[in-house]
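One structure is given below, encoded as structure tokens.
Chain IDs A, B and C follow the sequence of writing; residue 1 opens each chain.
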């Protein structure tokens, strides 16, 4: 299996707060990798390292190796990296623009101007995000008129429009109702055929439903990382077992 | 005992608070009652200074027959296609004015006695005197004191006008209206880019350091400076500056605009920044996560969403420009002009009031009329600001 | 994405956009620096022009002349010819007028704010608030006009009643009244905001102890909002000290002083700068900048001391 991210002995601190401790991990291509663990254990921080969104925080100090396709992430231009590693956020955050303009935003920033091309990209992305049929009549309407679940799928479409290799998802369904959650989980199952997905989730059942690999974090360290089925059926670490059986967390 | 104290306090409260409404009411009533009568379209569009024209029409006008428009209180001369009306001017004297002019009237093709160029009389001009010749070359003299009816009859008797003295009514504020407009546009043109740019720097690019705090404090301090000081600065900095750059002499609308621009910077920056603050940071994250550059994020996401704040700051600024007097008295001057140019001095409406009120004969009536115009503009602006904040708050994301 | 764009230029595009980011950031920084430098420009130029009467010789009617700083600061007369410039009494006048105007404006403003915020039914309170907002946006020239047209006439009547001859109503009293009217909206608006921010819990607590609504309003609500109200007062003071046009129309520009009799004409720092402008150069012109320096200093000192007082009031609560 191809490795898309290789992380070795990664350390990260926000000022004096040592948030990631010696994290080593490999993320595989066309797989869904889940990060689970109690609040504040560093899983979202690690996710944000993968597309260098932590750069936005001035107090961040980072060392260790984080490679994307054998290139140190720190040596890749951040803008460039983000065109290949996309992100979907916890609370859906479509721009206050039309549905069409939201999806076309990324390509337009990259310089795509041709109306026919943009149209093609938007329609394809909306289809892949399983939302096209619901919005095809109202592409010019404001994105804010959609429901929460629809907005999140729109954000996924927006991300897909960039044709990334990786889609990072930061608790994408925690703000949504069960039905919307289900739709997105189904979508993720479809998406992994084309993209590699890394998902942070609070919901262990979700991890078991949709992920191929799971990493369990605690206090900034990876306690265990294995195929999902293995980790949940035969956890090798006592702490893992405690967490997944609900003794804490 | 407590009850009495309570009642007293309550009474005092009601009394004192009605004072505020009372004051506004008094000001409005006073300004309106005194200024409304002389408020007219004519006031808004005519010159301030009176000009006296001496005109003649030397071709024989024997065939002139024009239709009587039958205006009330006007007396028509069918030979010349002009109607006269008795009225009183701003000083209260009785005068004759031209109340109607037929589009084909020969009075539109007269010769200017002083320049020999072609001149036309206009409606609302005051007729002082006319000398005509009739068919037998007899002299007919028409005088203002004889009234409009006789003037019309005099005109009908003559076929050649050797001398017609008309005066444009003065006291108009067209020049000052135009100056106010120029001032608003020019000031905003200068102030907005700097104000919006400053706001964007502070909210998007500035690091959280001591230098940034100092920068902010410096901009804040500007808002505590009284406008008269800005006037002084404008007089010694921008007047010479403009003299060098555009070749003006002394104050100009340009130097005034620069002065007002630096005065308005803190308002524009503060209002725009407030508006940018309401933009959720998730928009920034989303944009950057899609691979957009910081510049693209600023111009495609931040700026369009700050539009309501920018618009509000524009309206607030316009209000301040219209009302500003002290700064412009120094940075431009107090000379009222009819022909307005950006590289020359002139008065805005507020300074116009100052100009006619200082000096030996304060013109109260004109000042009240101008006040009505100013108050009307200020009212409209305040309503617009309220509408904008309401409308844009509706579309805000939770 | 790449297939829609010219692949060769990918690296170039990235470089260009990174360079663009840096460039734009510097442009915005430059703009912000220019905005901040305005205050520096003001201070520098006023200082340069305002100091010259004391250090440079002016040629007046063939003689060389310099203004003595001590006479300037402590003097009680101001005449253009002979050039006797004393700003001392003007400062006293300015402070006197401001304090008197505050004495009138503060009670009215606070009580009006109380009315709008706590006593009046919602709709009437909102209407009153709108009236106050409108008053705040009326330009000072119109207040000055109102002062000249209405207030001076009333003052003339009142002073005649007291058997005092006033200069057609142009007087200290007229100045104080006009100023008071002008700063009431400012103080009221800020007081309304602070009163509105007083937590309902505190009000409920007071009522629950058996206090009446009025007692609650006066003892508890106003006390809780006092920092905000004080901020409004500071703003009002700033406006009063800096007001030029309206004051100049009703003050009279007295040549000597200080004036404490409210029916006499008076002169403030701002009216000194604004009135009697004849030449745009020379000692008479430059000395106005010196007055400008004094004005800025007074405003600065007042601001600092009032803000310090505000912090003390805040700490006492």
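Keep in mind that, in the parts below, a contact is a pair of C-beta atoms (placed from the backbone, for glycine too) under 8 Å apart; a residue touches a chain by one contact, two chains touch by 3 or more.
Note that the structure is a prediction, hence the values are computed from the model and not measured.
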Inset, instruction - Tell me, please, which chain's centre (mean of its C-alpha atoms) is farthest from the centre of chain C? - result: A
Inset, instruction - Tally the contacting C-beta pairs at the A-C interface and at the A-B interface, and name the larger one. - result: A-B
Legend entry - Inter-chain centre distance, chain B versus chain C - centres from mean C-alpha coordinates, in Å: 26
Inset, instruction - Indicate the whole-number Å distance between the mean C-alpha point of chain A and the mean C-alpha point of chain C. - result: 55
Legend entry - Inter-chain centre distance, chain A versus chain B - centres from mean C-alpha coordinates, in Å: 59
Legend entry - Shared interface positions of chain A, touching two or more other chains: 79-80, 83, 106, 110, 162
Inset, instruction - Give me the residues of chain B that touch two or more other chains. - result: 293, 296
Legend entry - For chain C, residues contacting two or more additional chains: 17-18
Legend entry - Complex interface listing, chain A residues touching chain B: 51, 53, 56, 58, 79-80, 82-83, 86-87, 89, 91, 93-96, 105-106, 109-110, 144, 155, 158-159, 162
Inset, instruction - Going by the contact rule at the top, pick out the chain A residues touching chain C in the complex. - result: 77, 79-80, 83, 106-107, 110-112, 114, 117, 121, 162-163
Legend entry - Of all residues in chain C, those that touch chain A in their complex: 1-2, 4-5, 13-14, 17-18
Legend entry - Partner chain B, residues of chain C touching it in the complex: 17-18, 20-21, 24-25, 27-29, 31-42, 45-46, 49, 107-108, 111-112, 114-116, 119, 128, 131-135, 137-146, 148-150, 181, 184-185, 188, 212, 214-215, 218, 238, 241-245, 249, 270, 273-274, 277, 280, 288-289, 292, 295-296, 299, 303
Legend entry - chain C contact footprint on chain B (complex, rising order): 2, 5-6, 9-10, 12-14, 16-17, 19-21, 23-24, 26-27, 30-31, 34, 193-195, 197-198, 200-202, 204-206, 215, 218-219, 221-222, 224-230, 232-233, 235-237, 250, 262, 265, 269, 293-296, 298, 319, 322-326, 329-330, 350, 353-354, 357-358, 362, 364, 367-368, 371, 374-375, 378-379, 381-382
